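To start, the structure under review is shown below, and the notes come after it.
Chains: A, B, C, D, E, F and G, in written order; residue numbering restarts at 1 for each.
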């Protein structure tokens, strides 16, 4: 019973990861690749870890660790994605030609890298 | 609320000590029993937030899981089919979330669902810039997030 | 029999270094502690030497695990002699540094690293485990690497990049050799390796492994054609550092060569010939370089290379008498080479330069000091009966015995060039009048205005090492006995192996 | 078919293919940021591989390795972002 | 780096990583881990903190300069290495308390040695990285 | 599998050496890293490899009851890794200094003429 | 006797601190040293004359067979007396000659040291001990010749002298050691027993060649003679001492001393006769072209040394006796002439023969000394020189074959020229008219004119009454050389025979030459035209060529390019390893036990190898860093697959930190440039890949060996039981091999300190070292 559960969790996880891999290879621009991979991989990794947690139920410490890893992956992956995405934007990484909107354009201060919320402009527009 | 949570934890550990089985399932079981006992004991108390919050957390978690799987499948389908039908863009999203913790949680959640990714938070912490894969209508997207993740999340935290 | 005392010479430097680190930026206290530490280290080294000389090989099985399971430390006459000589050089450099090294360098860890370097050397001499030897080598490399860059002048940086690249490459060879050695024997203990390698049927593989050690240690000891790092770097650091380098660093490579090629690999005809050929080229290369250089330290650097050839040649001939000669030379060389770099530093203090063309008039101005220097320089040359003379007798005898005429010729050329170069140096630096230099190169004599105490801190180490060199020369019999003892040990390592493994190994 | 063989012959090969695909992206680039995220993804897949491998061999000790990877992998990504941002500001 | 998200995340991550590093340190004798890896993880925790808050802030958080950890750790390791000599045993011989302690297991000189290594590694890594960061910044 | 690892080791040594022979100091450092990895793997392989049996004694047992990987090469490599990390860290900072000095990492530019000796 | 030898050494050491006291009047007191030594050695004359020898033995370095082993026999007594006797006069003379000199104390220190070395040399009864003193004479003469060290020529001359004699010294050392090695002893008396063995040994010619090299360089034989005229840069008392009785005679002494062991064969005779003959003629011929008094003396000294070598080469009893006589004759008149020249130089300020004349009017005692010495050198009857010359002719005439004619005529010509030279120095300055400018010249302090006079008078005295020294000194000396007693009293009058006739011819032609030929700077110039043929010139050219070659060699090898150095080192390793790998036995290609291959391993390996090539080929630094970390992480995966969790953890954390480090440091570095051309890259690839291939092959060879897992087993069995840990790797790290860990941590600490200092330390300009 557990074996089947573990097996299917593994399978789904592995497929999620494979999709992430296909995604990073196929996606036409950096932001899309980033978007796809971060979560698919986190999901896949999480599922595989979950199956490990089930597999090692006899050893509490191991299960804890597996859960801790899941927790960590979900915590850190978005942060890392945010940082590298931001950096990519700074160095002017090109977006796909099919991109339909860029609200970030012109919002960064060239010198300080401070990001404005755009509220001031909105207010100005309203005035 | 914190007091009740700690009490609940304590009860769970006592349960483990009593049964002598140090296993996850046993802990969960002890926690559930404790929760139930505390719920019964606190029926007449004024501050009952703890007891409404736990089910909310669980429901948020389930919602998140559903969203994630749904979006994942959508993206996966797009990925393995030869033609892309996405319409990506970067969207400016004004948040209701204010504290660092709230912003973090919100952005994590948004980022973890496929199709959306937080690129940055504005300096004054009022706006999120989100990269969206399937951006049909900007306003509808903002509406979705507001009604979906942000409302549910703030309900739990605040 | 396990004996803790032999690790004391490592511990003393480690704890001195730790205390010095705790006294970060307190330069006065550092100077005192460093000298005290060196003195204690010397006392320990003397006691170790006498203990080994009187009672035979001492071993210590670290953590109490019998060899070959733990790391063994062994003090035989060879290693305890090296430790003793290191302590002499150490104390001299430690005292000299008190005024000879800029305060800025002391603020950034000069003294602790100096002691860690000395510790590394002692460790390398005392260990009986091949991988542990690698660790000690790395301690030595990184410490010398830091000492070399300390101060960050351009020449220093240039020198240390080259030093680093080639020495790390040497370590890679060494490490690769260890890996293969472990793969074919399953042990790291050198005494155990000795037995296992001797029993190995695949001699070809043994030969191949030994080549890794030849290349690795050959780079460290600056043997042709692996010597390039030495003349690229030894002229760059402060003289006190150069003294340690010149006196001890290449010698630890020589030590390792001797240790490994007498204990683990007994060189066959091919390897012996190889060593002899390398020795010849090393001597000639060093000689040619020394002849044309004009900077005192560059000259000395090439002389190091030249004289390394003498020792490697001794190993290559491999007879007891040849090894005795090489070891005698090693003992002499460690004391004298340390000193000549200290002297170069002193000259720099006096004149602000080490360029022979810009130097002069030292004999007229500092006659007594010059005589001391002369004694050291002539010891280096081997003017009989000074220290460098005696080993050559052994080497010549060995050369005739073994019919190694090209090597003999090379040794004669090397000796002659040393004589000529040193005499030229003497004439240019001490005899010649101080030439008038262009205004921008005007020097100030930093030495003269010093207090008598500070002056003595510079001079005493030189005199101390000179006295040791004189002892080596005039009481050559004692040194000869030591060298002979070691050579005899090397010809029959059974006592060493039995002391380490604690079993009876009948040959 | 045991779980172990299933993992060895199905799951691990899938993950291996994923690794290779990601690595192709790493080689192709074209930007340094592409490579950085490919690297990040490689590590995440590495975590998965180790996890699955530990199930296959029933050796829980490998989970510890996976944990360390998960904990500190993103430091590299952060460092690269840090660098790119600083360089961008120059 | 000016990133609210990272800043907030690092506030949670620092104690978690530190806790984890101690965990890895203490169990090294029984499971993979030990002073070395533990020290590296602890150092990485602080490095992460310094990335977002700046080196100065991290130094303030540490209270003592990391370079001061080096002699402390070295001394700890060295003393636990040489302590057996006072007993007349060879250096590095393990000295053990008889009673095991929960989680850690038996306490002995090997543990103190490992702790010394842990401290040195933290000191070394942070000294190197902070010095570079200050120099570049 | 061993044969493939042997090839890998050969490639690591070869490329390490090749990088060592470049003019750029960054490449030099990378070359040293590659060589270090090669040496580590060589030690590892020559200690004979074992799959899925780490040298950790079972919590219930007092010694190994089954096959286990040779722990000695692992300990040696660990030491070697740490040592090369120390060296690399220092070398990388040295690279920085070199760059500040000559505004490039071309080692040929670092050579100073002998006349500038003091 | 040890004290006698070392007394000079003590005095010279004492002079270092006490030198100031002896700079003035007290300087004379130092002469007590040689005079008392002279008296000491003179007291042995009767004993030695009786055919006895005095030995003294004191152990020093028995391991090497070098002891203080001294022996006083006829030969060494003759030399000892010369050294101390002439030494006494030179010491006295110098106290006045160099009166008030700034470095008079140094002068005496060097001179005492030199005298001690010379004494040691002639008294040593052990070839290595002899060699030690031999080298000490070289080094102390280096200081003496370079005494006027502020003069560039003086420095150059002393360097040349040291280079020539020192170089010869090393060859001599080789010869002596070879000799000692073959005979099993370094003691001369014991070597005598090995004489016939040595002479029959195939290495005998080599021994001779090496020993001759030492003797010829020291005794200024052609073509190594050129250092000697240069050595005239020394103050005249030094020249007098070095070139009459001591330094240059050392080579002659050595040959004489070794004659009983090695002499008498063809290998011995012909080289010595040829070299000695050439030298005696060459020196004499050159002397007549010089106009500087000391130069003339220098070349005549060379000639005289040639004669001595020549005589020892002939090696008959007469020849050796002649040598003994001529050693003494030459010492006396040459010292006298040098000292006379010194006074002339001192008083007139010139040594130019063309400018000097008529000085007998103001320097009468000197004129007498000069004349007597000149006559002695001319071999006028009733002078000691006459006996010397007679003996030489006796010797040459008593050789075999056509040799008598050739050798005798050579000797006659040489002697004619020498006679001319002697007259030039001893007579010319005093004869004729006194030039105006020398009217004011007056006689110097008596310490300066008595020594030459005394020496000259002795020359006459010994000539008139040879019995004074015949049996007591000369016969024992010759005996020591021959090693068998013989009786041949010196005679003034051999009767009217061929020898007398030759002496007459010599005298007549020499005097004629003196009267006919006026020395001029023109004649000097004429010989200088042939300088390019002179050995000095050729040696100089050779030395320059060697220097040029050395410079070229050094710059080619050590050209400053790190990559070239690395290339050579690796090339060396590849050649050696390759040679050993492909010789002496087959290469096994397939290891015995292989584990199965799985997909994921292959994938990781493939990625690894691809990442390696990406690292190598990328033009972006950052990509290189990314690719390097991929390599690290993949290796980490391999470590997991092959059961090394601790390694995997460490590799991973360290790789991550390395990335951080790289990234922090790489700021603002420009992209890689492809700085190497195609050819270089191909060459480097060839070398690198052959190295990689060799490593791979060696690994396979090593894997074929059965693995010995005793140590590993021990760890597995005892890690928990004895060391109380279950993670065996960790147990090894903190217990079994804890020492490694302790000091690996030290490595890290040093690296950290290094980083701090490298980045923070900025030395002030004033902080030089």
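Just so it is clear, contacts are C-beta pairs under 8 Å (C-beta built on N, C-alpha and C of every residue); 3 or more make two chains touch, one makes a residue touch a chain.
Owing to the predicted nature of the structure, the values given are computational and were not obtained by experimental measurement.
Student: Determine the set of chains touching subunit C that also touch subunit F.
Tutor: Looking at subunit F and subunit C together, the chains touching each of them are E, G.
Student: Compute the centre of every chain as the mean of its C-alpha atoms, then state which one is farthest from the centre of subunit B.
Tutor: That would be chain G.
Student: Which chain lies at the heart of the structure, taking centres as C-alpha averages?
Tutor: C
Student: Weigh C-E against D-F on C-beta contact pairs and write down the one with more.
Tutor: C-E
Student: From the C-alpha centres, identify the chain that is farthest from subunit A.
Tutor: The most distant chain relative to subunit A turns out to be G.
Student: Express in whole angstrom the distance between the two chain centres, defined as the mean CA positions of subunit A and subunit B.
Tutor: So the centroids are 16 Å from each other.
Student: Distance-wise, how many Å sit between the C-alpha centres of subunit B and subunit D, to the nearest whole number?
Tutor: So the centroids are 26 Å from each other.
Student: Which whole number of Å gives the spacing of the CA centres of subunit A and subunit C?
Tutor: 58
Student: Quick check: how many Å separate the C-alpha centres of subunit D and subunit G?
Tutor: 70
Student: Which subunit D residues touch at least two other chains?
Tutor: Residues 15, 17, 19, 32, 36, 53, 59, 61-62, 64-65, 67-68, 71-73, 75, 78-82, 85, 87 of subunit D touch two or more partner chains.
Student: Could you list which residues of subunit B touch at least two other chains?
Tutor: Residues 107, 118, 120-121, 123.
Student: For subunit A, jot down the residues that touch at least 2 other chains.
Tutor: 22, 34, 42, 72, 75-79, 81-83, 86, 113-114
Student: Name the touching chain pairs, would you?
Tutor: Once each pair is checked, the touching ones are A-B, A-D, A-E, B-E, C-E, C-F, C-G, D-E, D-F, D-G, E-F, E-G, F-G.
Student: Could you pull out which subunit E residues touch subunit B in their complex?
Tutor: It comes out as residues 2-5, 7-9.
Student: Considering the complex alone, what residue numbers of subunit D touch subunit E?
Tutor: Subunit D residues touching subunit E: 61, 64-65, 67-68, 71-72, 75, 78-79, 81-82, 85.
Student: In the complex, go through subunit F and note every residue touching subunit G.
Tutor: 1-24, 26-28, 30, 33-34, 37-38, 40-42, 44-46, 48-59, 62-64, 68-72, 74-75, 77-79, 81-83, 85-90, 92-97, 99, 104-108, 111, 118
Student: In the complex, go through subunit D and note every residue touching subunit F.
Tutor: Result: residues 53, 56-57, 59, 61-62 of subunit D touch subunit F.
Student: Along subunit B, where are the residues that touch subunit A in the complex?
Tutor: For subunit B paired with subunit A, touching residues are 22-25, 68, 71-72, 75-76, 79-80, 84, 86-92, 94, 107-108, 111-124, 126-127, 129, 131, 133, 135, 138.
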